[in-house]
Amino acid sequence: MNDMIKKVTQLLTDKTIDVFIGYGKGSADRSRAIFVRTAEQAENLVFSANCTQNLAGYLLKHEVKHLGKLGILANVAALRSILQLASEFQIKDGEVLVLFANPDGSFTEFLDFHSIEGYLLTTETGITSGEQERIAALEAMSVSERWTFWNQEFEKCIKCYACRAACPMCYCHRCTTDVNQPQWIPVASHERGNLDYHLMRAMHLAGRCVNCGECANACPMDIPLNLLTYQLISPIKAGFGATAGMKSDAVYALSTYKPDDKENFII
Amino acid sequence: MSRIGVFVCHCGENISATVNCEKVAKITGELKGVEFSTDYKYMCSDPGQTLLKEAIKEHKLDGVVVAACSPRMHEPTFRKACAEAGLNPFLCEMSNIREHCSWVHPKDDLTTEKAEDLVRVMVEKVKKNKALKSIKVPVTKTALVIGGGIAGIQAALDIANCGHKVIMVEKLPSIGGHMSQLSETFPTLDCSQCILTPRMVEIAQHPNITLHTYSEVESVDGFIGNFKIKIRKKSKSLDEHLCTGCGLCTTKCPQKKIPNEFERGLGFRPAIYVPFPQAVPNKPVIDRENCTYYIKGKCKVCEIVCPTKAIRFDQEDEVIEVEAGAIVMATGFDVLKSDYFPEYGFGKYKDVIDGLQFERLASASGPTQGEIRRPSDGQVPKKIVFVACAGSRDPAKGIEYCSKICCMYTAKHAMLYKHKVHDGTPYVFYMDIRAGGKMYEEFVRRTIVEDGTHYVRGRVSTIYEKNGKLIVKGADTLMGGIPIEIEADMVVLATAGVANKGAEELAQTVHISYDSYKFFAEAHPKLKPVETNTAGIFLAGACQAPKDIPESVAAASGAAVKVAALFSNDELTRDPLVAVVNRQAAPVYSACVGCFLCQSVCPYQAIEREEIKSRSGEIIKTLARVNEGLCQGCGTCVALCRTKAIDIHGYSNQQVYTEIMALLND
Amino acid sequence: MEKELKILKYSELSKLIERFRSNGYPVLAPVRKGKVVEIELVESLDAIALDVLLSTQSAKKAAFPKVEKVLRYTLGKSEVQQFPVDPEACPDTILFGVRPCDASGFKSLDAIFGEAPADQFYLKKKEKTTIISFSCPTADEYCFCTSVGGGPGNTAGSDLQFTGISKDDILVEILTEKGAKLSLLFADLLSEAGASIDKSKFLADVKVAFKVDSVVEKTTASFGNATLWLEQSLRCIGCGACAFVCPTCACFDFQDEQNTKNGVRLRLWDSCGFSLFTLHTSGHNPREVQSQRWRQRIMHKFAYMPEQLHVVGCEGCGRCSRACPVDMNIKEHLTAISLI
Amino acid sequence: MQDFEPKIVAFVCNWCTYAGADLTGTSRIKYSANVKIIRFPCTGRIDFMILMKAFENGADGIIVSGCHPNDCHYSTGNFHARRRWIVFRNLLNFTGIDTDRIQFSWVSAAEGFKWADVVNNCTKKIKELGPYENYNKIAVSTLFNEEGTSNE
């Protein structure tokens, strides 16, 4: 940890960056994002097993951007978020200094997107086996059982949009939910409004989701929203050869096609 | 509140036989916002249209629904009628109650109810329609023709003769293309040079045509009517104004042993050279890669001998910028590299040549002055084998498609050979003879019957040299596949026609699409064969697919007509049913977040980047913008846009949403 | 009325629910749903989660549901016909097993919705709701009710309050007329309680973190302190989780949902944390950035409400902190403000 | 369920399927009146949300149809649409929405007979499946009842 504090202090002193987004101690057993701008604040940096939040979303937050040149402590999900955001022209190469926390506690500095891309090829980026099992269990159900399952989950939804706010890829200034001519997605948090919202969001993240799980973690009602987008990861990879957040200049899977894309349902 | 008029057509009895038209008019007349509704025997007839126009005026209608036949039939008719009555034509919609209702359902209540549903959908849609104006795009009446082969020449002359300016860009030192290399042309055996060279001269002399040879297109920006093109004029090391084309330099150049590209390596040329005697422009260029001065820093013989002091060793490439309203792609084709076929020994045996080399041998201006002589020892070959489909129709090793021209030129080659070597024996190995074309089949027949060419249906498996002869092994499939072995003096491979080298890069530079073979893609294989998917860019000749001369010329004239039509007005008028990106006041500017995921879905490169800048020039936001000149209105970007920042006129989000609601809520 | 104290056996609790149900009262109570605890209609005691610290959402939905129909209409050829929803058309309901902070949270809502023009949809539902709260035997580090004038045994807002005083016995406090009326349904199950019972012995210990008067004073003075709000809210991501779980947040939105023929007007929860909340049609947003929205949230609860409604808009339940995806801990922030 | 007349809405492209349906008409081939067409310029235009809107406005079945691959008037709109449907169908299936109620097809301007077949087969299938009860329970129209939405 001291290495980290030293490194960040150095970066701040020599003005390489103006602010470093890292983890600090949070309430109870939680960690939280902190925005380090002075050597003194750097002393508050911590890194431990509970530091799992994907901090990349902050890179696009208006007030954070205005603090100056940004540095960030990234986990694998954050690295992928950065590349995906780059492919969508939201972050430019060299704009953000990226420190990566290695599993052994040491830190790697990534100087450009290319080195991030290289690193990601060597590391595990998929969803966990637990998540795979949950998806498999759902897939094993009948269609109407799945309907019931999701209906019960969505019933809990209060449309607080924490999932959207926490998602690094939900950076649109105007979400489809905010469009009212026509009102595609009902504002109301009734069954239809909730179903529409979550289907819409999952579709808009299909091929863009970097499986950081922030949506599900953020949900105060504990809805396993991540499964919706996670479930689409393997068909998109298998069908179109695309995985989100692996290349800074990737073409979005749903913005392109192959003349021989395979399907078995169009007659 | 809307004031919509509903007009239900009986179409004689075509509709009214199964749909109760009076009832449809009555029921839909009760809909909110419907001011007037009626039914009539023939809405498209003169009195029908008059009824429509008068109702618009009398009831001050602000929207019209005509329930009749398919809009694909009469939408223009009724929109025009509305416009004549002073109503914006885009406030008129049609309900298809004939093709989609009366003709496909029996006479019963369900059919009439469906007709009511279809009308209701359009009533609700029309409420969300907007008055639209046609899009006007100014047009620069200059055409850029890329490529100076027969297709480019034809297109350029046709356009220039319509009175428009043409800029022609040719990458080689002379125009003329592959046609200038040919000996005689099928099926009439005209001398290629005789029919081509006058046209080349015409290009050089035409007051409307500016010719840039030894030049390449470096970039293309802009869109239909308004392209901006950068052309790199490679240095010829020559002041073209001073040069008289006397040719003294080319005879004095000490470097004389450079394989001549024009002769397909069957002859030599100096380092300062004119590609062929009839070249246009007939002025030399220095091939810097082979010039002694550029290699060793010493020589300058050409400069010394030049009577007008026109040589410029320090001349640099020049990049010029031109504007054009349309572009014709006429970059032609190439032939498959013969090293594809090691078993045929091309490159290994001097006397295995390709078709274009045979053209040079047969050409009166070629390296042998038109006598057929083997490259190895200059002997006249007495037995010659032509191998058709060398690479074509060969998914395993070559290319899948038929190169189309080889059957004919192989027949021509056999015929020319017989005409020049009376005692010679030509063989042709072929898969099928494809001689579809005016006088083509007759021509092939003549080759076989009159000139006694031996046509063997089968593939050649291998060619090897033995005792100065080329042993050609194959099989005759018409004789039950019996093996055939011919001791030939020379072999000519009809190698496949392929996309020109660099076609892919050029397509990307000019922003047009290309197929998997790298040939440029037409907008529609049947109905838009000379258009590309990029508005304002057209195709001529073999850059699209292998074509023979008549076809290339026809396509070129077709492209020229498209250009001339585009140039027939000062402004281009386009249907306004295009996509548009939402714009708002500062500080939002637009709902667009600039992710540009829409950019790659657009088949027309119509989505551009727009930078919103502060007064001090700092970029505040980068947005997508739809170029109205390019957008064709497919709406794929609209469906993709997450913020719904893109919408499309005529099929807007509001319109389709309301249509669904109206359709399902009766 | 004078508070009455009774004793109820734990073993009789299920009978209570049975009696409520058999007398036609819908019963809303905390129900465990995986990791979250919702307030839902229940049929029996088994369904009720009495051992939880707090429900995830507050109990406000009993009178202020997340989606509420207030008007129906039909679209005729030229006229719109309206069918207003009758605010009275709601059943007498029992809110059972909620915590004192939930019950007292209704004070703020009463004040907000009671202001002229009084909101009948809320008031009628509230009027018809009888609240049986359970005092808190435990608390966690997010709880700070004692700092904002409440406490684990606070009876404000409750009609009846139950406190477990032994393995078998519950101390029942009958606090209001409404409570007394309801208790008649189970009077036979109650026995007299000795005057000597010290309820406080059975309550959680919730430390006072700050002086609420100081927070009110400093908040009121800090409107222009942009740095304060920015520093506190840098990690805030602008979701509405805090507002939607809050027992006192009362902001709402109206939305019409309609097709080409019919429509309804719905009242829905809204949150000042959303950027959309103050977005003008022109594109101008008076609260342009998240720090301003955070300021609004705190100012509303600790400056505007005390000033205008004479009530602090916070019960110290800590739900917002628990629900916050980015660990915005309100107790910590308020403590910091009190120390300015 | 004998007299159940399903509501089926067809979203089709202007250039192929709409024209194909026109040909069905000009050829006087009969098909079921349950299906009603909404015209789009291209299948590429058909937002996935449009399908959700159809179900929630009471559709029992949906047909989505456009040009065969390589036949798109805009050359690639149907290819993009196909990818979209591959993904969306996956998502619908995963969330328990009955994809048997959505028929995707390629119907060219020459396939008048095919259009009639698509419509008739789809209608038959939806009649067998019956009304879309699950979705109907949350349909827009449920709001317009006297009681309507859950006031809880």
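Letters A, B, C and D name the chains as they come in the text, with residue numbers starting at 1 for each one.
What we mean here is this: a contact is a pair of C-beta atoms (placed from the backbone, for glycine too) under 8 Å apart; a residue touches a chain by one contact, two chains touch by 3 or more.
No experiment lies behind these values; they were computed from the predicted model shown.
Novice: Through how few touching steps can chain C be joined to chain D?
Specialist: Between chain C and chain D, the shortest chain-hopping route counts 1.
Novice: Write down the chain pair with more C-beta contact pairs when B-C is set against B-D.
Specialist: Result of the comparison of B-C and B-D: B-D.
Novice: If I average the CA coordinates per chain, which chain comes out farthest from chain B?
Specialist: So the farthest one, by centre of C-alpha atoms, is C.
Novice: From the mean C-alpha coordinate of chain B to that of chain C, what's the distance rounded to whole Å?
Specialist: Going by mean C-alpha positions, chain B sits 70 Å from chain C.
Novice: Hey, how far is the Cα centre of chain B from the one of chain D, in Å?
Specialist: Inter-chain centre distance comes to 36 Å.
Novice: Using mean CA coordinates as chain centres, what's the gap between chain A and chain C in Å?
Specialist: One centre to the other, that is 32 Å.
Novice: Roughly how far is chain A from chain B, centre to centre by C-alpha average, rounded to an integer in Å?
Specialist: Roughly 44 Å, centre to centre.
Novice: Two or more other chains in contact with one residue: find those residues in chain D.
Specialist: 48, 53, 57, 76, 80, 84, 140-141, 149-150
Novice: Indicate the residues of chain B shared as contacts by at least two other chains.
Specialist: 588, 601, 640, 653, 657-658, 661, 665
Novice: Counting only residues that touch at least two other chains, what does the list for chain C look like?
Specialist: Only 67, 257, 259, 262, 266 qualify.
Novice: Line, ring, star, complete or other: which describes how these chains touch one another?
Specialist: Graph shape, chains as nodes and touching pairs as edges: complete.
Novice: Show me the residue ranges of chain A that touch chain D in the complex, using the header's touch definition.
Specialist: Interface residues on the chain A side: 138-139, 143-151, 176, 184-185, 188, 190-192, 195-196, 198-200, 202-203, 206-207, 228, 231-232, 235-236, 239-240, 253-259, 261, 263, 265-267.
Novice: Looking at the complex, which residues from chain B come into contact with chain D?
Specialist: Going by the criterion above, the answer is residues 70-73, 96, 98-101, 103-106, 110-111, 113-114, 117-118, 121, 513, 521, 523-524, 533, 577, 601, 603-604, 632-636, 638-640, 648, 650-651, 653, 656-657, 659-661, 663-665.
Novice: Which bits of chain D are touching chain A when the two form their complex?
Specialist: That would be residues 48-49, 52-53, 56, 69-70, 76, 79-80, 82-99, 103-106, 118, 134, 137-140, 149-150 of chain D.
Novice: Provide the residue numbers of chain C that touch chain A in the complex, in ascending order.
Specialist: 33-36, 38, 56-57, 66-67, 140-142, 230, 233-235, 237-241, 243-245, 253, 255, 257, 266, 268-269, 271, 274, 276, 289-291, 321-323, 325-327, 329, 332
Novice: Report the residues of chain A in contact with chain B in the complex, numbered from low to high.
Specialist: Within the complex, chain A contacts chain B at residues 88-90, 171-176, 179, 181-182, 184, 204, 251-252, 254-256.
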